[in-house]
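Sharing a structure here in structure tokens format.
The letters A, B, C, D and E name the chains in turn, as written, and every chain counts its residues from 1.
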Amino acid sequence: MTQMSDLLTILPVFIVVIWAVLLLLIDLWIPKGRKGITALLAVLGLATALGVDLAIQGQTSFAFNQMVVLDGFSSFLQVVILASGITAIALAYDYLKRMDIEHGEYYVLLLFSIAGMMLMTQAYNLLMVFLSLELLSIPLYVLAGFARSRTESEEAALKYFMLGAFASGFVLYGSAMIFGSTGAIDFPGIVAALNNGSANLILFVIGAALLLVGFGFKVAAVPFQMWTPDVYQGAPSSITAFMSVAVKAAGFAVLLRVFLVLFPSLADKMTPVLWMIAVLTMLVGNVVALAQNNIKRLLAYSSIAHAGYILMAFVGYGNGEVATNSISSALFYLVAYGLTSFGAWALVIAIEKEYGKGLMLEDLSGLGKRYPWLGAAMLIFMLSFAGVPLTMGFWGKFYLFRTAVQAGNVSLALIGLLTSLVSAFYYLRIIVYMFMKPGDRELHIDKWVSLVLVVTALAVVALAVFPGLIFEWAAQAVMLLQ
Amino acid sequence: MFLHETTSMDPRFLLVPLVVFLPVVGILLNWLFGKRLGEKGIGAIASLAAGGSFVISVILMLALREHTEGAVVPFMQWISVGSLDLNWTFRVDTLAVVMMLVVSGVGTLIHVYAVGYMHEDVHHQGDPARFRRFFIFLNLFIAAMMILVSADNFLMLFVGWEGVGLCSYLLIGFWFEKGEDGLGNARAAKKAFVANRIGDFGLLIAIFLIFWNFGSLDFETVFHQVPFFASSQPGVLVAIALFMLLGVTGKSAQIPLYVWLPDAMAGPTPVSALIHAATMVTAGVYLMTRSQVIFSAAPQAQQVVMWIGAITAIFAALIAVGQFDIKKVLAYSTISQLGFMVAAVGMGAEVAAMFHLVTHAFFKALLFLSAGSVILGMEKGLETNHHGHGEGGEHTDPQDMRNMGGLRKKMPITFWVYLAGTLALAGIAPLAGFFSKDEILAAANETNKFVFVILISAAFLTAFYMGRQVWMVFFGKTRSSAAEHAKESAPLVTVPLIILAILSILGGGLNFPGVLTLEHWLEHTINIPHESAFNLIVAAGSLAIALVAILLSWMVYGRTPLADSKSIDPLAKSLGGLFRAMNKKFMVDELYQAVILKPYTRISDFFANPVDQGFIDGIVNGMGSLANSLANGLRKLQNGYARTYALSVVVGIVAILAYLLFRV
Amino acid sequence: MPISYFLAISAIMFVVGILGVVLRRNALVMFMSLELMFNAANLIFVTYANYYQVLSGQIFVFFIMAVAAAEVAVGLALMVAIFRNKHSIDIDQMNSLKG
Amino acid sequence: MELVLMTFFPLVGVLALVLLAPHQKNVMRWVALITSLITFGLSLWVLSQFDPTKSTNMAVQLPWFRLAGVPIEFYLGVDGLSILMVLLTTFLTPISILSTWKAVEEQVKGFMIFFLLLEVGMLGVFLALDLVLFYIFWEFTLIPMYFLIGIWGGKRRIYAAVKFFLFTMAGSILMLLAILYLGLQAGTFSQPQLIANRAIYAGAEMLLFLAFGIAFAIKVPIFPLHTWLPDAHVEAPTAGSMILAGVLLKMGAYGFLRFNLPLFPQASVQAAPVMAILAIIGIIYGGAVAFAQKDVKKLVAYSSVAHLGFVVLGIFALNVEGVSGAVLQMVNHGISTGALFLLVGMIYERRHTRELDAFGGLWKIMPIYAGISMVVTLSSMGLPALNGFVGEFTILVGAFGSKVYGSPWFAGVATTGVIIAAVYLLKMYEKIFLGPVTHSENKSLKDLSVREIITLAPLVVVIFWIGIFPKPFFDLINPAVEQLVQLVQSAAMVLH
Amino acid sequence: MSLIGILFYAFLAIIAVASALAMLIDRNAIHSALYLVLNFATVAVLYLALGAPFIAFTQISVYAGAIMVLFLFVIALLGAEKLSGSEPLKTHRPLAIVLALVFIVEIVLFTVFRNQDISPMVILTQDFASPKNIGLTMLTQYALPFEVVAFILLSAAVGAIMLTKAERSPAYKLSHGEK
């Protein structure tokens, strides 16, 4: 039966979900035009959950008949996700008003989605994996189409929905295959079946491959990435920002856990596949970004590329010696990427004129000169993306490539480095436009967006000066991985 | 910083750094205060600085008479790295002091002369402010030359060597906005520097070879080891000697690098006299004399040296015959005479070379300065003409001998001193040139008859072209209004000329046959295998040949002087193509232009554009455009159709499954 | 009946579903094809639930149905909304975002 | 702690600059200048406490953090290889700042901030003894320079800036990989400790050498990786070119000395002939291309390729003469080429063109300018008694007797560089200063102002100082070089 | 198994596959929907055969019933049974079909023929998949997923409403003084 300890295990998720439901009701009483209150309340909920999450850091437990697990890994990612959620709300606050799409449901759906992501980090059962995937996806489909009078938004939503459901189909089929192979859907059961040799390996491999497709879709790995630029471009920027960080984090969370817990035996088979996917992802993301002129699209491709870097950490997942380092490097990279990404998106939000307008690179012209602080912040983000030292991004890549080298994948690290060189080119283009071309665009920076900018910029630099903090945290999170 | 030697030596030797530093002081004074001092003050300071050096040189000479072994005066640590331990050390020995005396003595005279000359020249050229600059450069030259001759190791010698090259550059290009197309002088300066640099390259290589084989650059240390190397690794010595020779051909204007010297006449005349006749160009001879040990241990190299000298002597003499520019004749003559000296060194007759070096310094400086005086006179004539007769017709080149004629009466002092110089150069007894040249010829007679014939022919040509010059310049009637109005120069100009003329006349006494003062002086420093004997037959023969040549020149030029400045040289009529070739300097400049300069320019253009910008940078940019086209290609796949995206997912899973399943 | 029988049917259904998504322009039919894919998965779950005699497979299917219902709700709502704007549910007309 | 104070002192200036209002341009200039002067003072203080015989002076070794068990340290130290580089940096920075007094009118604040940041980065590069820390500083210097070129540069500044950035970054990629590998294998990133643990990674020496080498070769730059240089130099503002040529290029050569030689001695010995050939190609090719240039700045830029060819030749001679000469030549090149760029900048400010054909006869109009230019040109040409000669000569002596080259031909061919240098530099001097004044615009040019003379004076003084009395410099360099050479040679002994 | 049994299963298989293909091929969306219903029904029969009565009935009621009705309703509502215009992605079809065939071959070859030896269906115990059993399991062991599904449905509902809520026309906004 359900016990208090069970609840404690999923307490942060629980808080978020309950908060979402409550907010749905409260929102009814909040007058139109003052939905900022909803936003603040949503933040409050997320902050509470975040507080709880921080408080239960370091604990490990299973709950609900091993449906879910609480460990360092999940708490780490939950913190990331919750922080992303809070940031996303801060970014949305003014943006929604400006774009005339301010509805309380936005925050409610966001909360649901966050709950799904958090659950995803804790899922310990294929069913939970699937359900949390859907809980995170369904609200996001809606959120992507939230600016529903705009065709871009609707197009984004439709594409996201269709392809998302398509990917879910693969996840399901894959889960079914794994079930077919082992007769279990809970992780311990599957592992047990694998260990006692009763599992049907062929089915298992197919299942694994299909799951990889499903999760690969969520994290936008090539060749499952094609939805990303379109959806990122069409969706409201505040949602895109959220997706680019949180969905990726959740996707990687489940990918990591599934691979580490279920598929260690497939490592020798999976490694080349992952290698190829990682390489393709880095290549395609970075190369195609070169040809982009729309900032949102550019960042979308950049996010694909960064998924590729994180995937690099998976390549060595089967190697016991490096696995822990691999994962903690992925976690660290996620944090670095998340902070940087939010910073960059905050700027995108600030320059977006009307919905989807004013987002070409030329629109950045002269911003660095006119708003030096903003320019400095953007510079930091771009350098961090490109992996230049004294930014988090550098340490992220440093650690990732280090583990790749440690796992003997020097080629992978080399490709990663080469593609990051390519990436430097388009990140520099942004800088070029901001600092080296004339222009006099106005910005819409409200206090929350600027707060996000300041905090992320400072964090990207400060945590680069003292990266030990996050390194240790990530390492600890992995140590506690169940 | 400064090194101290504790061993006792004649304290006068310790004065040696002053030969360098007095001119330096002169530079500093003129640089700092020159503007306020005016021309007189500048001239005085510069001349005193040079004169001071001379005085020191004399003191050193006196000291050397008592302590013939000379002295090594350490002065300063310079480069000290690993095994490389190079100091600035002065060396006072008989050879060095001879050079010091020549450099500072002739130098001082030229300084004095230049005060007068440059006063006119700067006004004529229209930039009086450059007076000070000239003397700074001149003093700088003296300093550098002193470094060269007082060096105790090859590196310091090289420092001076390059330093004088620089001064040469600065002074040739002194009127940098003048000359052909306004750039002629600048180009001449550049040419001199580059040609010298090619020579320096050779010297540098020689220095490297010396260092890595002998472990030191100090003269003593090196020379002591030479005998050992001569038996064990003679090849090294040959290489060193030949590379050194390359340096010599650059500095002392020998084939193939002599081409810069005629162009160097673009510099003001005192410069031509000092640097490009009397002192700097003899540095090569000095170097070879100094390195005598090496050369004599490398007979093959010595042969090359001799042949280069001999061929240069005749070749340049031939060209000199065909020149009309008064200074160009002297320039080629200088090359030719340097050829004599180099040939002498090649024959192992270093004393003869040194002797000729000294006398040549006297009479060639004299000739140049007198030529300068002639030019000044002509310029004055031009100016008077200009003021007196308004337009004055077409431009008259004050250096073209065809424009002169009959100056004997206009400029008597100049004429007489010029005559002295000419006779000395032509080798008429008992003037200086006779003795010195004769020693060389005598040595050649003993060493190699073929070379002897070449040299004696060169001597013949020397007398001939000098005679030609004198006839053309001073005799006959004036062939231009400038010559018509030419005036004698001021005493400041003529007094040094007279002194030099006396030296030219008496200079032979320095190594008078039988007495051999110079030889005995030098034997403390260099090896003299056998005493130079006076060969009466050779002497008489050469004297006769010189006289014949002068007679011949009188027959061609003196008897029937040129009618006017447009008339054709009588030799051109009789020699035809040969004369044109001589006049055109055998097209060597053009040859170099076609063989070296043009190709180099083309190669560098080729490197700069197709290779660097086109190919290498093209690869770099090509990688960028490759990435871009790849990006645009991949971008097309992203066609906006959700179905395509779904298809790509299918492609992915099919591929992955195919891989996985076929691996199971 | 051997399990492979069900597996084969399921596989065919799944692939037909994929083809539907890839080939049909009509967003609704695409959506239906997705449902077909889900069903293919369901069939496997049920088959193996039978094979292993464990309920979890069947439970999973139940949840899938519930989720499918939720997806249908959202999906159809989305299509209705889009139809309002574009008066078509031809998914190929939704290609303004590309490149 | 002295080192830390010195390295990061410019940040004080940055902070002060940030607080200034945009219109206080002169105050900004003064702040930047004074900051850099104080930094220079601090570097002199460091010098006063410097003991050339010790391999690390004033070392600061603080634990920074551990990454997967491997400590990454904040480890600074100065020895004979770096002390001159440090001084060069702190010396050139105030001069560069002074040169911008009139040249930079727009966004002064940004300019000065980037400049001071650049100084921090450069100092860090020369002082860091931890590979990761080194890499951080190394990459960090890119950013300010990128902006200096990109914002305050000429017409094609963006192209040049991006090219500069990407080119250098491309090089660093392999270096980073090598650093990671080293750290993983040896369990430390500290340079001294890596030297001690060389046995661990000796098997991969050649690859590591190449990985580091390419990064450094691009920076130096060694032919054929040099094409970023002319673009960057030409487009950069004067002060930028100056620092670029004066200090940034040295980072590459320094990298070879600090890391490639001691960490991979055997590979260094093996690669030496190849490096020498590339260096010689650089000397000759750079000179030839410089000769063909019509733009003064491009000419000077290509001359850097040639000059640094000498440096590389000296380094890979792997004997005391060659390496010491190379270190000194690094300083010399910094001074001479820095001064050349400064001079070009001064004339550009007046005429807004750098085409050689646009000048002629300037000696007559600007005698002071011409005089200083003459000294600097000669110094660049390697005339004795000026700094360039001492370095070049020592290098060539070293190269000539180098055991690893095994043949004097290397030095022999390289020595032709002295001729080539004379050819293109004299051409430059002739085109600008000699001949008649053919362009009427040039007639009214003003000679150097007092400020400009003050800017140039220190450079000229150093040019003479090193040329005439290089001993103090060699005394600083030699002990460290001797140690280094011994280390390399003993490793080479094992090889043979 | 008896011949009739085999024929029965073959018949089911044919219907399932045929209806699926028909759904794929038919140009009319309403027809497609109806074919799909047929397919679902066939699958439901298979569920029954596999001893999953509860799932089979849910399949009929939820899928074939509710969901497909919703589909039909929307198709009718939008009048979107047929599309006008031509196929823009002509190269798609062959590629997709080839890929599909490869995919089938991959799955079928490796799962169906190579590895799945004939394993006869087991007779199930009476209460194995009884609604009671399922219900119990679902609310005990699977309580958490159950709750999660609730939230999924809730958010789907909210989302559906959000997406379809009538937007007030700009004119309306203007007349009511809304921004």
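Here is the rule we go by: contacts are C-beta pairs under 8 Å (C-beta built on N, C-alpha and C of every residue); 3 or more make two chains touch, one makes a residue touch a chain.
Quick caveat, the model's predicted, so the values are computed rather than measured.
With contact taken as defined at the outset, chain D and chain E are each touched by A, B. Taking the CA centroid of chain A as reference, the farthest chain centroid is that of B.
Of all chains shown, D has the CA centroid lying nearest to the centroid of every protein CA atom.
The busiest chain interface, judged by C-beta pairs in contact, is C-E. As a whole-number value, the distance joining the C-alpha centres of chain B and chain D reads 37 Å.
Per-chain CA centroids place chain C at a distance of 65 Å from chain D.
Distance from the chain A centre to the chain C centre is 26 Å, each centre being the mean of its Cα atoms. With centres defined as mean CA coordinates, chain E is found 5 Å away from chain C.
Contacts with at least two other chains are made by residues 7, 14, 17-18, 21-23, 25, 30-31, 42, 47, 49, 51, 59, 63, 67, 70-71, 74, 78-79, 81, 91-92, 94-99 of chain C. Residue positions 635, 638, 640-644, 646-647, 650-651, 653, 657, 661, 664 of chain B are each in touch with at least two other chains.
Annotation for chain E: residues touching 2 or more other chains are 88-89, 92, 96, 100, 103, 106-107, 110-111, 142, 145, 149, 152, 155-156, 159-161, 163. Under the contact rule stated at the top, the pairs of chains that touch are A-B, A-C, A-D, A-E, B-C, B-D, B-E, C-E.
On the chain D side of its complex with chain A, the touching residues are 64-68, 107, 110, 132, 135-140, 142-143, 146-147, 150-151, 157-158, 161-162, 165-166, 169-170, 173-174, 176-177, 180-181, 183-184.
Every residue of chain B that touches chain E in the complex is listed here, in rising order: 641, 643-644, 647, 650-651, 653-654, 657-658, 661, 664.
Across the complex, chain B meets chain C through its residues 635, 638-643, 646-647, 650. Of all the residues in chain E, the ones that touch chain A in their complex are 106-107, 110-111, 114-115, 140-145, 148-149, 151-152, 154-156, 158-163, 167, 178-179. Chain B contributes residues 624, 627-628, 630-632, 634-635, 637-638, 640, 642, 644-646, 648-649, 651-653, 656-657, 659-661, 663-664 to its touches with chain A in the complex.
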